[in-house]
C-alpha cells in the first residue's frame, strides 16, 4: 500500500507489522509520535502487544530486557537524553545478547535544551555492542525497522539493533511510504538462551576474568558474523520488496574524485550537492554510511574525502571523520555541521567540497 | 611526607588536600574506599566538606552539578556501572562548563558481573567534553587528582576532568606515596558563570540551532586551550614537587623500532617488557598515553606500533587502536587484552611485540 | 519543483494542511515532502511549514528559502513576520482573507477560508479549521487535481464537512 | 626482587599483613608493592595477596606466578589449595603452625602465630589477628630489619599488643 | 522594565499556553519567595516557557536540569550555599512527570537526607511538554495521547509517598487559591530541612477545557474533594479552609469531570471509583488531623 | 543432587557469609514459591553469593540485572509471560539499597502500573555487597563505613511508601519467622497484580554481632517493636501474631540495640527517638487495622 | 569568556509579543470594575497592572480568565 | 552457540566446599535431640537434612545458628 507518512509514523507502522510481544517506551521529543502511535494501535486493537508505559528510559530498556529474555520480540524507541539515561541498560542489552530493536530519533544533548537533529546521542553508544543503522528517508526508516528484527533475532547475531533517524528532519517530515505485507519475512523469534523454569540457569552471574574475556570476544564474533546476516537480509528484502540497500548508499561514486561522506538525511542532501558539483565540472560522489556498527569496509580508493559530522567528540574530532581516518588511514576534510539542528543545505555541502582543505577540521559557520 | 597507600586512598588523600566544598558520591566496587575514606575524613574533622550520601550515581553527578554551579569546588568518584548510570549527567557537567573532578576506577561492564579492570567504562565517555587522564601508579593518582582541579578550574578550560585508575590493579595495590603540602598550588575557585541571585540569569534554556552550535564549538575551543593549561600545570607541579608528567609517558622510545602503546598500569608492565625485549635485541619502547582527552599529538614517526586495548568497541575495534590509527594514519598490531581483569604480564606483552602482525587484531588468548 | 511555504498559527491546522498538500500531489503521481518547522511553540504562536512537489524523488531536507508559493492561513501573521521573504517576483501568494488583498509584484489570491470553515461548521474547540478548505483553494490554482484533493481529504478525514469546505473554497477562490 | 605470595582466609588480616610487609620493606629503603587478589570472597574463604620487594621501583602489576616466598597464615588452606605452586625448589615457606612442618625441597619455617595472637590478646570478634605477628616472624628471616618492622607496625596500629605479638613471633621463630 | 511590579519575577511574557495555571503558580511562588532565590527546573513545560537563549522571561536565577535530576541538583546547591553561609532559597519546581515518575528517586533520596530545600511539584496530571502523554499522576480514566481510551491505572499518591518521609513541612495547594499557596510557600521557606508543596495545575490543552476555565477547574477540584488542601508538619496534619468547607458540603464530582474533554467516555463506575478514593483520602486526612492515627 | 530436599532451590552452598539471614530468607521464599518461578536479582549480596560462572548454586532461573533495574526488568518479564499465557511467578529479590535508594523509581513505577509480580526487599539495612555503606534504610544512629559516627538521618519508611501505592497485597516479615514469611509469600503469589514483601534481614558483619545470633536479632527486632509484622490488602491492615504479642508486652528496645556493634556509641537520645518512632509506627498500624483511618 | 557560557538574560518580551496570539481581547468596563484585584491575581501572565488594573495588550494572550473570574463581570472578551 | 551466552548451571558445591570456612563445628547430641526440626528451619545454608537432621559438614559454614536456636541445646559448637 502506497501512502504518506512521517518518519516517526513509518517506524510505528513497521512495528505494527512486525508485531512485537512487548513494547516498553517513554516519550521524548522528537520521538513522541512513535510511542503515541503504538499506544493507539494497541488501544484500537490493530496491534496485539503489551505496551508498558514505563516511568523512565532506564526502565524502558530494563523492561525490554526482561521481556526479551523470555524469548519475546521486543521494541522500544527513544532519543537524546532518553538514550543517555538508559545507557547502563543499553550496554546490558547487548551484553545479555538480546535481540531488542530500538528506534532512536537523533537529537542534540543539553544543556541548553535543544530538540533538533544531531548524531552525538547514538554515536556515544557506538561501543556498546548494538548494531547501528542510520536512515535517510521515511521509506528507509520503515524498511530498516523491519529488517532490524530479522537481523537481531538471527542466532548468528543475537544482538540488539538501533535504527537511527534524524530528529524533525526525518522524524517529522512527510514523504511517500509503501507499507507492505511482511508476513513470513521475519521468522518467529527463537532465543536459544531464553529464560525458563523448565531449564533453570543463572544469567549474568559473577564471571571471572578469563570467562568474561571469552564472552566479550563472542560479542565481537557475532558482530563480525552480522555482516553476512545483514547482507542476506537486505538481499531477501530486495528480492521480495524490490527495494535494495547496502552497508553504504553510494551515489555517483564510481568515477568520483572527491567523496562526501555522511550519515542520515545529510546524505540525501549531499546527492543534490553532487549533481550541482558535477554540473560545475567537479567529479564528486556521495557515500552515505548506513551501518555504522558493524563498521563497514569502505572503498574510498585514492579519492579525496570530505566527511561531514553532525556530532562531535570533544578533544578529538568528528566521530565519523575519526572512523574514516582510522579505517582508510588517510586524511580528510572534516566538516562539523548540522549539530543541534543547524541548517545545512546542498549549497552548503557543495561549498564544503569546493573549498575542501584535506587534513583540516572546519566548524561550519563559526570557525574563522 | 612519604608513606604507603593504595590507589584509592591516594585519591582520597589528594581530595583531602584539595578541600572541595562538596563531595557527592555513591559506592561501587572497586571505588568504595575512596568514598569511605572521604566520609571518614569528614567525620573526624580532617576535611571540611559537605559530603552528600546520594542515593545513586545519577544523583551524585547531579548534586555535583548543583554544587559546582554555585562556584564551589566539587568532587566525586565512581566506576563502571556507576559511570554508565550517571551518563546523562556526565554529559551535562561538561555542557554546563563545570570544573568537577571525578575519579573513575576502571572496571568491566556487566553482564556477567565482573569487578575487575577494564577501560571501556570511561572510554565510552570519551565524547562527553570531559578531559580524561589515565594513571599508572599510586603517586600518579594522587598527583593527577591535585592537578585535575587546577586544570578544570582554569577559566580557559572550565571543563570537568576524569582521573582514571585501574580497578584493583591500581585501586587496591599498595605503593609508596609522597603526600605533600599543596597550599597555594590551586588558586581559589572562581567560576565566572556561577549562579547567584545578585545577577539573575537563565542557565541551559532552550537554545536554537545557531546558538547551540556556537556554544558547542566553544567547548571544543576550551578543549584545545586545555593543552596549554595542562602543560603549564604539569610544569608548575614539577617545579614545586619535582615530579614531572606529560601527555604521554615514554620509556626508551627515542631509538625504538617498535612502540607498545597502552593506557594505565599496563604501561608500567610494558616498560618491563621493553627491557626484556631490548635484552633480546628488539629495540622496543613504551608509550603510555596519559591524557586521552584532549587526545595528544603523538610522535610515532615510522616506528611499528603495537597497541594494547583493555577495552573494546564492538563492531569496530580497540578504542585506543582506533584513535592511534586515526591520528597516525598508520596500521598497527592491535592487541585486545586485559578486559575484565584478564591477567597480562610483561612476558605476555613482550610476546605481543615479538609476534606482532601489523594490520591485524588479536584477542589475547582466545583468538586462534 | 514547487517550493511552498505555509504560514499559520499553532492550532490552526497548518501542519496537517502541509501533509494534505503532499498527499494530494502524491495522488497526482508526483513526489512531495512536507516538513513543519518546529519551535517550542504553543497554540497561537506563528508556525511555518514547507512543502516540496516535484516529478522526481525529493532529496532536499533543508528549509525553503526561495519559495515558489507562499500560503498564509492567518494574515495577522503578516504584521509580525515578513511572509514574502525570499519569494521571487511573480511568485504565488494565497491568503486567507475575506476581502481581496493585492501584493505588488506577486500573483495574489485571496479566499475567506475562515468564513468557509465557520459556515460549514468546521470548528474544533472554538477555532475554525483551515486545513481542508485550503486544499480546495490550492486545487483551484492547479497545484494538484480536484480528484487528488478529494482523495487526499477522504484518506485523512471521515467527516464529510471537510469535503464540503474544500469544495466551497474551490468554488469561492477567484483565479 | 623478592616475590611473596601470602595465603590466608578472609577475616584473618592477610591483606593488612601484605601492606605491613610492604611498609616495613619501604622503611628499609626498598621499594615494595602489595596487592590483594580480589575475588567475591566472604569471611573464611581463602584469599591470596602478593608482595614484591626490590631495590628499584616496581613496575610489575601482574600476579606472582613464581614466588620466592610463600607465607601461609592458615595451614588448613593447604588441604584445598596447592600453596606451593610455582615456588622454585629451595624457596622459602613460612607456615603458621604450632608444630614444625617439613616440606621437602623448601626452606620451611613454622611458627605458632595463632597461639601468639591468642596469648597476647590480639583477637577481634573472636578471631585471632595474625597480621602483626607474622611481621615479627618475617623480620627474623631477614626480609626486613627489626626496626623497620617496629616502625611499620607503629605507623599502622596504636595498640601496643601488636608490637608485643610481633616481638613474640620474632623470638619464637626458629631459623 | 517599567510597568512591572516589584514582586513579579516573571517578565511579560512566557510562552506558556494561554490560560496556563503553571505560570500562574510560578508567579505566586516567586512573589512569595522573593529575590534571594534560585530555581531548579527539570525538563517540563516550565523549562520551555522561559523563552529561547539568549533571552529569558524569568527574572531570578534559573538552573535548568535534566529530567530526573532536580532534587539532586538542588541538594548539591543547597549544600554549597550552606557551606558558604548563604541563606538563598533553593526551590526545585518540577512537573508531575519529573516528580512522580522519573524524578521520584532523587526526590525520595533528598528527603531522606533531610536536604534543606523546597520542592514544588506542579501537577498538570500529564507530560505537558511532550504533548500530553500519561504520567503516574494522570488520574484514572483520563485520556492522554498514550492512554487513548482513558488511563487504566490510578493516580499515584505522591502526597502519601512524601508523607512517608516524615518531613518538617509539606503541603498541597491549587492554582485557584493563590493566597493559600503563597502562605504555604512562605512557611515552607521558613522551614529548616526539606519542604514540599504539591500544587494542582489545571491545564487547558491537557485537560481539554477552554482556557478561561482554569480557575474554575481548580476550584471544582477542591470543592468536589478530588483535590484536598492541607499542611503536614512531620506527622501533624492541618486541613486548609477550602477543603474543610468541601468536607462539609462537597460539590458532586461530576461537575469536575464533565467539563473536561480528557474524561470523555468515562464510565460511571470509574467516576464512582474516583469518588470513593477521594472520600477515603478525605477521611484519612481528617483522622490524621484528629491525631487518631 | 542427592541428599537435597525437593523444596530446596539453593544448592549447598552459596558463598554468603556464615549466619547470613538473606540466604535463609531466600531458602524459604523459594520453597514457598515452587519451581515455576523466575528470580530477578539486582546487584546486591544475593547477586554475588550465587557463585561464579559457569556454576551457580541456585536451582531456579535467576536473571541478574543492573542495580536500579529489578522492578522494571520484572515488569517486562511479567508482561511477556502474560502474553504467552504462562503463569510463571516473577519475583524480584532485592536488597534495601536496590529498593529504597537507586531502585525506588522502578519499583514505584511498576506498582503504579499494577504489574503482576512479587517484589521482595530483604533489608539488611546497609549496602552489604560493597562492604556496609549506609543506605536510605540504615537506621538512625547506626555506624556504617560511610557513617562512621552513626547515621544522622532516619530509616526511610519503605512500607509507607509502598502502602501509598495502594496495592492488592503487601506484607512485612523477618528472617526469624520463616513460617510467617512462607505464608506471606504464598499469599503474595496468589495475588493478581503487584505484591510486595519487606523482610528484615539481620546481617552479622554489617550489624556487627556474632553469626550465631542472627535469629535472636530478628526476634528481638520484632519483640522490641522496632520491626512490625503485618499484611496490607489495599487499605486493610492485618497485624501478624508476633507483633500483636509485642504490642502487648514489648521487650525494651535496648536489648535489640546493645548487642549490635553498629550501634556502638549511640546516645540515649537517639535510642529514645528510635523508640518513639517505633511506638508511633505501631500505633498507626493499630489504628489502620481498626479502620480508624 | 562568559558569553560563551550560554547564560540567558532576563528581558521583557523574551518570548515575543504574545499579544499577537490573541483571538479575543479582554475589555474592562471601568464603570463596573470595583478594583477588587481578582483579575490581576489570576492572570497567569501577570499582564494586569496591580495598581490600575490596566491590561498590557502587547502581551495579553486573551485566555479569558480575567473575564471569567471577574465577580462583577466587568471584563468582556471581544473578537480581535 | 548457547555456551557462548554465559549461562551458569546449577551444581552442588557451586561455591566450593564451604565447610572449609568453618572454625567451629556443630556436633549434635542424638540423645538430647527431639527432632523438632528448628535447626534445619533456621540453617541459612540448608545443610541440615530435614529428615534425619544430619549436618552436611562438607558445606556447613559453622555459623552456630543451629546450636544457638536448638531449644534442647542438643547442638554444641566445637573448635575444628
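As written, the chains take the letters A, B, C, D, E, F, G and H, and residue 1 is the first residue of each chain.
Keep this in mind: contacts are C-beta pairs under 8 Å (C-beta built on N, C-alpha and C of every residue); 3 or more make two chains touch, one makes a residue touch a chain.
Here the structure is a predicted model, which means the values were calculated and not measured.
Counting steps between touching chains, the shortest path from chain B to chain E takes 1. Across the two candidate interfaces, A-H and A-F, the one carrying more C-beta contacts is A-F. Spacing of chain B relative to chain D, judged by their CA centroids, is 34 angstrom. Centre-to-centre, using mean CA coordinates, chain F is 55 Å away from chain G. Rounded to whole angstrom units, the spacing between the C-alpha centres of chain A and chain G is 47. Annotation for chain A: residues 53, 55-56, 58, 81, 85, 88, 92, 110-113, 116, 200-208, 211-212, 214-215, 343 touch two or more other chains. Those residues of chain G in touch with two or more other chains are numbered 6-10, 16, 18, 21-22, 61.
Looking at chain E, residues 15-18, 47-54, 56, 58-59, 64-66, 68, 100-102, 104-105, 108-109, 112-113, 136, 210 sit in touch with two or more other chains. Chain D meets chain H in the complex at residues 9, 42-46, 76-77, 79-80, 127.
Contacts from chain A toward chain E in the complex involve residues 26-29, 32, 35-36, 39-40, 43-44, 51, 53, 55-56, 81, 85, 110-113.
Of all the residues in chain G, the ones that touch chain B in their complex are 1-2, 4-10. Chain E meets chain F in the complex at residues 68, 100-102, 104-105, 108-109, 112-114, 136, 152-154, 156-157, 160-161, 163-166, 235, 280, 283-284, 287-288, 292-293.
Against chain C, in their complex, chain E makes its touches with residues 15-18, 48-49, 52, 205, 208, 210.
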